[in-house]
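Both of the next two complexes hold chain A, though its partner changes from chain B to chain C.
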Partner chain A sequence: MNAFYELYNVMNGKHIIMIYEGEFNQEITKTVLSMTENSFGDFGIESGIRKKIFNVMVEVLQNICKHQYNNHSAEPSALFLVGDNETDFIIVSGNIIENSKIEIVKSKIDKVNSMSKIELKEFYKVSRLESTLSDVGGAGLGFIDIARKTGEKIEYEFSPVTSEYSFFSQLARISKNDLND
Partner chain B sequence: MSISNSDLSYVVSIKKIMEQHNFMFCYKGKFTHQITKSILNITERKLVTENVEVSIKKKVFNVMVDCLQTICNKNLNDQYNRSSLIMIGKVNTDYIIYSGNIISNDDAISLQDKLTHINLMSKDDLRKMHYNSLSTLDLEKLGETGIGLVEIAKKSGNKLEFNFLTINEEHSYFVLRTLINKA
Partner chain C sequence: MEKINIEGTDDTPKVVIDSEAGVFMISGRSLPEDVITFYQPIMNWLDSYSLKTPLKLDVKLEYFNTASSKIILDILLKLEELSEKSITTSINWHYDANDEDMQEAGEEFSEMVNVPFELIKY
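Entry: the complex of A and B
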């Protein structure tokens, strides 16, 4: 029973409502998305905010699908969390990343976080033209999209696992109160 | 040393707990009809992904339905409703389902009796307890929750593990742990 209480306490303290751990395939992703789409209506959340949550979730899940295979020596696995506190909805993804790639990802997020709404719009246009299909997340379009949709900074943490890999957590925050668009 | 712009160390903690105990999915919050349906969908998808045998899949799914029904049966205030939780995990090849919810202390006493009673029954006794063959007396004694628990015990084939944690003078937190063996 200890395992139950351990997880219960973290979820309670951090206002987390859903955790999924494991492999993400298209079917699971679809089901998780439809859960959010259908269920948040029951919470009395405005449709504008719901749309935002849904869009950000799509980006985050896409990100997970791409990067769950990062650790070549293990089964594909990633973590997905949804939180709901008084002011925000939070969407968190976690996956393994090669240490050599941390700096690239970090600088992409930092860059996006430093931009204004207008700058982000411009940057999105330019990046979209530059990116190619084979270039997996090359321009960091996902980050730009998340930043534009949430209007908030993307929060991240890279925590070391081995000399080769780290665990990359990324949090997107959607305010319940303001509708920027 | 972690590199971060925000303290997300709890995400790593969650990852560790999930991995250590082989949890796959957890939901904590209000259980509406839609949410219950979605949770079942995710579980089903997950079991399909893992290529689980049909009979086990059915058992896990059915126990999950009964657990969700037990949770949904409680009419509580919003804050208490948000404490309800369902988790599904694996121990080696067996599946494990935890459900937790707040109940009144009066219900806790009668629930404990029911659980003890069910755990004393043999598999044969349980099997004989079909819904249709239950007498009015049995029905009264077991109530809706009790019938759900009998079903869970029947399907899991294991003793029900449970825990009551007193919250205050009026309420307790009830956790049920159901193990479903692969064979």
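Entry: the complex of A and C
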């Protein structure tokens, strides 16, 4: 995958709307959201796409808050970036994940990536009806929602760090043109 | 019935429930980290609804996260339960004309609950 070469280009071209690295919690999520919303005006982004970006950001940020690895010896630190190139807005996140959870995350993303728009709609509907909210308050619908809102594959990578955990990077892409396809 | 009036914040919606005035409205943004705690008073209120007066829910949300989407479905299903107890219930789903995702979300909710459901563009 070339997502991280693309990230390099985004950073190099300084097409960054917002970047944050550090601790993640709901308060920081709110701050990151409002800072990004404030920059949307400067970038002249139309409201339909703005809402899409915002929605995807919420799911990505709350996934980090709810699922980031915390070994209790240090503050969990993660990375979040919103940028753009000529054709797309991109939302990139990176956080530490336990190796034992990699397969679960990978299979969830691979599943939504394999589905058509209509299959995703049906899968979301069934999953929402059958889901129960987890201990951390998630409905298990985040990746399905991201795939539906963006209409694109979710790109990801797991980079091993230790025998216990890895770095999970994820990139979601929102086209600047065909808003609803 | 008890009245509920919760002011909206950056991540929680404004909720107004006043059955005497015929008002039941959820508006603004719903992206709390803990949706269960936030929505508990509303669920409790619906569970204890004992009037025969019709109950019309207006949902006018700008954003909601997936966890809220699950809870909103639960609320709509509670309205369906009430309608099975011969209480007239209905739902008005308001969406921004530029927001096709919110329109589609409304259409999908309408397919899942057996309660009169109106989609209203603003």
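Methods note: the second predicted complex is superposed on the first by the 153 of 181 C-alpha atoms of A that agree within 3 Å, B and C clash if a C-alpha of one lies under 4 Å from a C-alpha of the other, contacts with A are read in each partner's own complex, and residues count from 1 in each chain.
By our rule, a contact is a pair of C-beta atoms (placed from the backbone, for glycine too) under 8 Å apart; a residue touches a chain by one contact, two chains touch by 3 or more.
This structure is a prediction, so every number in the text was calculated from the model and none was measured.
Engineer: Of the partners chain B and chain C, which touch A:153 in the superposed model: first, second, both, neither?
Structural biologist: The answer is first: A:153 touches chain B but not chain C.
Engineer: Check the contacts made with chain A and report whether chain B or chain C touches more of its residues.
Structural biologist: Looking at chain A, the partner in contact with more of its residues is B.
Engineer: Which of the two partners, first being chain B and second being chain C, lies in contact with A:117: first, second, both, or neither?
Structural biologist: A:117: touches no partner chain.
Engineer: Please indicate which partner A:106 is in contact with in the superposed arrangement: first for chain B, second for chain C, both, or neither.
Structural biologist: first
Engineer: Which of the two partners, first being chain B and second being chain C, lies in contact with A:34: first, second, both, or neither?
Structural biologist: Once the two structures are laid over each other on A, A:34 reaches both partners.
Engineer: So in the superposed three-chain picture, is A:16 touching just chain B, just chain C, both, or none of them (first/second/both/neither)?
Structural biologist: In the superposed model, A:16 contacts chain B only, not chain C.
Engineer: Report for A:65: first if it touches chain B alone, second if chain C alone, otherwise both or neither.
Structural biologist: second
Engineer: For chain A, give the residues common to its interface with chain B and its interface with chain C.
Structural biologist: In the superposed arrangement, which is not itself an observed complex, chain A uses residues 34 for both chain B and chain C.
Engineer: Applying the document's contact rule, which stretches of chain C touch chain A when the two form their complex?
Structural biologist: Touch residues, chain C against chain A: 10-11, 31-36, 62-63, 65-67, 69-71, 73, 96, 98-102, 108, 111-112.
Engineer: If we count contacts the way the header does, which residues on chain A are in touch with chain C in the complex?
Structural biologist: Counting only chain A, the residues touching chain C are 26, 29-30, 33-34, 46-48, 51-52, 54-55, 58-59, 62, 65-66, 121, 124-125, 128-129, 131, 133, 137-139, 141-142, 144-145, 149, 179-180.
Engineer: Under the definition above, what is the set of chain A residues touching chain B in their complex?
Structural biologist: Residues in contact with chain B: 1, 3-8, 10-14, 16-23, 25, 27-28, 31-32, 34-35, 38-39, 41-43, 79, 81, 84, 92, 94, 102, 106, 109-110, 113, 153, 155-160, 167, 169, 171.
Engineer: Mind listing the chain B positions that touch chain A in their complex?
Structural biologist: Touch residues, chain B against chain A: 1-15, 17-21, 23-30, 32, 34-35, 37-39, 41-42, 45-46, 48-49, 83, 85, 87, 89, 98, 100, 161, 163, 175, 177.
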